[in-house]
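Both complexes below contain chain A, partnered by chain B and then by chain C.
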Partner chain A sequence: MSASLTKTADSALTRKRFQIKDKYTLFLMALPFLVLVFLFSYLPLYGWIYAFYDYQPGIPLANTDFVGLQWFTAMVSDQVQRAEMFRVLRNTFAISSLGIVTSILPVIFAILLTEVRNSKFKRIVQTLTTLPNFISWVLVYSFAFMLFSVNNGFFNHLLMSLGWISSPTNILADDNHVWLAMTLWGVWKGLGWGAIMYIAAITSIDSELYEAARVDGANRFRQIWHVTVPGIIPTYFVLLILSIANFINNGLEQFFVFANAMNMNHIEVLDLYVYNIGMGNSNFGFATAVSIMKSIVSLFLLFAANGLSKLIRGQSII
Partner chain B sequence: MATRQRFTLFDALNYTLLGLFTLACFFPFYYLFINTISNNDISSKGLVMFWPKGFQLSNYENIFQIPGLGMAALVSFGRTVIGTALTVAASGLLGFLFTKNQMLGRRLWYRFIIVTMYFNAGLIPWYLTMRNLGLTNNFLAYILPGIVSPFFIILVKTYVESTPIALQESAQIDGAGNLTIFWKIVMPLITPILATIAIFSAVGQWNQFQDTLFLVTNPKLFTLQFILYRYLNEALSVAELMKQAMSGGGSVANLALQPTPTSIQSTVSMIVVIPTLLVYPFFQRYFVKGLMIGAVKG
Partner chain C sequence: MSRQKKWAFLVASVCLMMVFTAACNSGGAGNTGSSSSKSSTGTASTSTSDNGVITDWSKQPEMTLTVFDTLANFAGEQPGWFAKLIKDKFNIKLNIVAPNLSGGAQMIATQMASGDLGDLVVGLGGKDYENAIKSGMILDWTKDGLLDKYGKNLEKYAAQALDANKKQYGGGTAIYGIGHNVGTGDGPSEGADMTFGPMLRWDLYQKLGSPQIKTLDDYLPILKKMQEMDPKSDSGKKTYGMSLWSDWDGDWSTLAKVTAQFYGYAEGDGFNPGDMILTKADGPEYQGFLDDNSYYMQGLEFYFKANQMGLLDPDSLTQKFGDVSNKFKDGQVLFSQFPWVSNVYNTPAHTSAGKGFALVPFQDEKVYSSGFNPYGGQWIWSIGAHTKDPARVMAFLDWLFSPDGVQETSIGPKGLAWDIGKDGKPALTDFGKKATANGDTPVPAQYGGGTWKNGVSALNNATLTTSQINPNTGEPYDYNLWNSTLTANPDPVTKSWREAMGVITGKELFVKNNQVAVTKPFFNGQPAAQEPSNIKLKHSQVGKVIKEYSWKMMFAKNQDEFDQLKQQLVQKAKGLGYDDVVNWEVQQTKNTVFTMYK
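And then the complex of A and B:
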């Protein structure tokens, strides 16, 4: 009895000694990586200073004029600029809203797929619809280019040989339906992948619930409506709330590759706009100011989404 | 389903709908492929639609004669292998370290990393920082920024916490140091999650395009994605490359084998997508599991 007690005390002591030594070695092991995070995530915040200078590439910051909030006020004070900001925000919100509207599609897809009883068909569908998620937007654009180009694209040829249209249309340079086209490409790329989470949620629904529903005389639609749908609604809401946090971040790549002189008016979302004025026109000061505004709005949306999540689910997302 | 149900109208509609969408997902890949193996003259007129016409493989034989393409393939391949290896190692080690209560300032440093998921300084400040760090026209720009990835660290940390701690303790009592414990005890236990991370990271590296766009002007460091983008946008320069590739080929080749802008664009696209298609069947079973673990944490 006493021997085993001593032994426990002994090992506790050893463990304690290890811990004190570990305290620093464990930290030192992590240190190089913490430095990387500092360099690539925190150091750029210092670059916000460019938003307060009239910075010209090539001239050191010390030799350039401090302009205070000029770039920020320019966004709203100048009429032309205000119209530009309005246009870009309109595009951003339109495309994000369409993204949220279509976020229901993966749910429907997941429900339909789980209703398929032929397991081979099911597997083929899932494999092939997930594939587009793993290719780059550049490649998606390459597909679009091959399928929709005016002179030798697949669709113009098909529709003309069917006699549905008499002359080829240039879908890639169409400014009127850019929002729709971008949303559809997003759906094409992300639907199968987005459904995986819902399929997992459906799989984890207790099968006794379905049996009980059947005993109660529920047909397939009633089973879907009363068992499957309630089973995945919580997952849907979590993802919906997360998408609110990203409302202002459309990303750059998709719009960058699809943009051209013809469709720029409606495709230029905030991220692309920052790129165009910053990297394209070398107007670093103004582009940084827009970036800052975007980061602030983004954080605000994140906290709003988090609050919403707490309110609805009693659980925060960050 | 326990009881055998008959094939209803709903099933018919469902199979049709899913079948059509599957076709829409798959067709572009197929269309691109049949165009690369068809008579280039027919293909450039857009007449290859559902099956190959005038089968030939010259596009794949000639493609790497285009100046710069072999180098780009090497750069893409190199960044994928090196970047993935380092990301997996860093995610594994950091995920493990952050389960150690005794680490100095563990909670603080964990947050220090996780917070970066939710904010970023913006494109221009990031670009200027990279420039000041000397990471323009530098291969390291492809590697260093991606090594520490908050999401992957969350995945590993969650996973390590689900493994029995007693194994680590007994190894420690046997005199193993932290690195030995990590390497010999923890690593084998968390292989599934590391495989998932490797897959995501590799796909991300292979598909990355923006860093080349912002940071690289030296053609020796161009990636395949970037080259493809340029070909898609600069039909004229593609025509120029075409001439060069042909003069390298020598003979006054027949029209069927002559590269066209279409054939070059589609063949480069295939070169970009083939590695993904080759590894995809193997990693498909991993990512579902990996994603589920991520979903638990939200």
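And then the complex of A and C:
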């Protein structure tokens, strides 16, 4: 009896020891990544301190004037300024919302693509649609200028020679449909790239499900509707929640290259505004203050979207 | 278990600490921007004078100077004939870092924050310059008698500018650099051409019978007729009166602002950093940019009217300077604000056919001229404090300010593009005539090879004003002003222009008709005041609005819309603090530059 007891205790001890060792190695394995996360995600938060100073590059912070909340109050100091912030936020929200609405397009595209039987054609289409993702926005703009410039643009030439318009139009300097145009450029650039994740999700759907559906007499459309779509919905929602967290950051480059005086009113999103006011004029304190506000709003949006997902689907990512 | 946990935690924190400190160190002053490969410790005795001063740098080991150049439009190692020239003289190569090409103001800020500006610092001025001095990034030339040993030419030809820097930035003792474009004399400091035009297609203007042009608006009907006479460019595209570009815009539309320069006004006063007021070159007068009838507003109205008449290139807003330059080359544009923009059209092929641009000022014009400034301009030449061989950098800079240096930097080594003729005066060689007309002319290998254009000094900042007389040749440094160039057989366009105007150069025409406003150099021993942070923020907000609405106004559909936009602009700019910015700037100007007129 006592011998068996010792034995049990012994094995428990070994197990426990092994467990400790296990945890220890796992921790060590994770450590480099924790360090990276700390370095690139938490350490930069130290830079937030610049929002409270009148920072001049070259002068150490210790010799710089402390200005308290001046940059934060500057954002809402008077009516015109508030209107500016409101305008910029409106643009940000509009373009981001359109982006979220169109985020369904890569899903549809992925489904259609997987339904194509000719694998050669499929590969060509996928390559061609993924390619724009790797072209920089600067190049995209020069491409757009070639296409749409008034004097020598292909588009105006075509329409004029077809006799559809009598005088050329300047599409790049048009303020009326900027949000839509920017969204379309974004879709053009990101469609193939965005579809990759969904194609992966579709290929991992159990083929037995399709067979079962076929046995039950489902046609191709029914198979898509009852097997493929439910199969990739979770992926879509995860990506959706992540994109909602990024709602307020819609990037700078695209809007920077397409911006001009005519469309500035509607194209100037928060990131571009920060660049124009803060970086372009070395107003680093103000730029930092605005980006702090942005981070806080992003965090709030992420938790809100996550909570909503929990409420509606019973699933969440955090 | 808890001990294990503690231990693991300890390991983790030590790791983090190490990574953290490593990251900090590498970001600090240890980041050597100066890639000075070898220092010159082993001094060859043959190349030094008695007191240990090195006289022949070509015997020193080769080194590469990192040049932080805020004005350069070229990055990388200086190629071609200029590289060969300074390699032979100083055994140095120049590695040029050009913020203009990558990020602009942000890259300057990054470099400033890194604590090292390289070996030679070109064109840094204003607040950045002061901050660089404050934080010890700029070398003091009086240290170890550096200037006295290696700066003889600087002391001889730019003494006042050195003294100015000492008073403004060095507390009366240290010298941290020297301003650009140093010169003494009266009248305009420009070369044969002024910086501003306007230029017209001379052939078409003559065909119209050279109608008199009294005001700026008088150009418009003439341009309309010219457009009708010559509706297609060389390549068959539609011609326009004027074509603008927006990529050089600051806080306003640059091309509309040039209108003020036609009337002797310029943004700011040339001394203070402000650019929301237009200040007269030669008198205590100023306008706010948005004043009801300011020259800026007149400029906007001018282009608005041009657009109404179908004279303004509709791509003006979306194209870049390069696109416009190509349109000029092709003959698609008939009017230019600057001689150096339309000169690309005056190729031998065009001028021999009688086609070309020439200066046609309007009667009311009073062109802005920068004038000579013995104290030097704001694009300062200075040396990085961390350079490994300050003596050689100093000697190189000294050469750039010497008569030989100025002459050879501007038109190449003697014997290649120019030489002293039989009459003892400088003249372009046959190669020089070819190279100055066409930058793509190949340069012989013994002079560095490549094309003429790519061998030009990439430093892109003036030292001494080139319209001054070179004491070695008795003629100005600028080959355009040499007697041999002026009396050389001119192309048909130039010839007919000279006959019609009764002068040889554009500058002469303005001077003859008393149509120049020359800036007076200002110096009070103080650096210019810098904008306080709240003004700076307002300034950038207002600037953005002015720029945006200016273009909208130029392209307004009708007069009503133009007036409406104008009203909106003023309202919005004032709401964002326009008046505060202007008041601050006017105050600075009154305290400094305007005191000269009391």
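One rule holds for everything that comes next: the second predicted complex is superposed on the first by the 230 of 318 C-alpha atoms of A that agree within 3 Å, B and C clash if a C-alpha of one lies under 4 Å from a C-alpha of the other, contacts with A are read in each partner's own complex, and residues count from 1 in each chain.
We take it that a contact is a pair of C-beta atoms (placed from the backbone, for glycine too) under 8 Å apart; a residue touches a chain by one contact, two chains touch by 3 or more.
All values derive from a computational prediction rather than experimental measurement.
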**OP:** Answer with first, second, both or neither: which of chain B and chain C does A:Ala200 touch in the superposed model?
**Re:** first
Original post:
So, does A:Asn151 touch the first partner chain B, the second partner chain C, both, or neither?
Top reply: both
Subject >> Dominant toucher of chain A (residue count), chain B or chain C >> reply: B
**OP:** Check whether A:Leu43 is in contact with chain B, with chain C, with both or with neither, and answer first, second, both or neither.
**Re:** both
**OP:** Using the superposition on chain A described above, determine whether A:Ser136 touches chain B (first), chain C (second), both, or neither.
**Re:** first
**OP:** Once the structures are superposed on A, label A:Leu34 by its partner contacts, choosing first (chain B), second (chain C), both or neither.
**Re:** both
**OP:** Look at A:Phe284 in the shared chain and tell me whether it touches chain B only, chain C only, both, or neither; answer first, second, both or neither.
**Re:** both
**OP:** Scan A:Ser96 for contacts with chain B and chain C and give back first, second, both or neither.
**Re:** neither
Subject >> Touched partner set for A:Val80, first chain B, second chain C, both or neither >> reply: second
Original post:
Now for A:Gln56: first (chain B), second (chain C), both, or neither, which partner does it touch?
Top reply: second
Subject >> Where chain A meets both chain C and chain B, residue numbers >> reply: 20, 24, 27, 34, 39, 43, 145, 149, 151-152, 279, 284
Original post:
In the complex formed with chain A, which residues of chain B make contact?
Top reply: 1-2, 5, 8, 10-11, 14-15, 17-19, 21-22, 24-26, 28-29, 31-32, 35, 43-47, 49, 90, 93-94, 97-98, 100, 102-106, 109, 112-113, 116, 118-129, 133, 144-145, 147-148, 169, 172-173, 178-179, 203, 206-210, 213-214, 225-226, 228-229, 232, 262, 265-266, 269, 272-273, 276-277, 280-281, 284, 288, 291-292, 295, 298
**OP:** Show which residues of chain A lie in contact with chain C when the two form their complex.
**Re:** 20, 24, 27-28, 31, 34-35, 38-39, 43, 54, 56-60, 63, 65, 67, 70, 74, 78-81, 84, 145, 149-152, 168, 170, 172-173, 260-262, 264-265, 276-277, 279-286
**OP:** Can you check the complex and tell me which residues of chain C touch chain A?
**Re:** 1, 4, 8, 11-12, 15-16, 19-20, 23, 105-106, 108-110, 112-113, 115, 127-128, 131-132, 134-135, 137, 237-238, 246, 313-315, 317-319, 327, 332, 533-534, 536-537, 539-541, 543-544, 547-552, 555, 572, 575-576
Original post:
Tell me, which parts of chain A touch chain B in their complex?
Top reply: 11, 14-15, 18-20, 22-27, 29-30, 33-34, 36-37, 39-48, 50, 109, 112-113, 115-117, 121, 124-125, 127-132, 134-139, 141-143, 145-147, 149, 151-154, 156-158, 188, 191-192, 196-197, 200, 211, 220-221, 235, 238, 242, 252-253, 256-257, 271, 274-275, 278-279, 284, 287-288, 290-292, 294-295, 298-299, 302, 315, 317-318
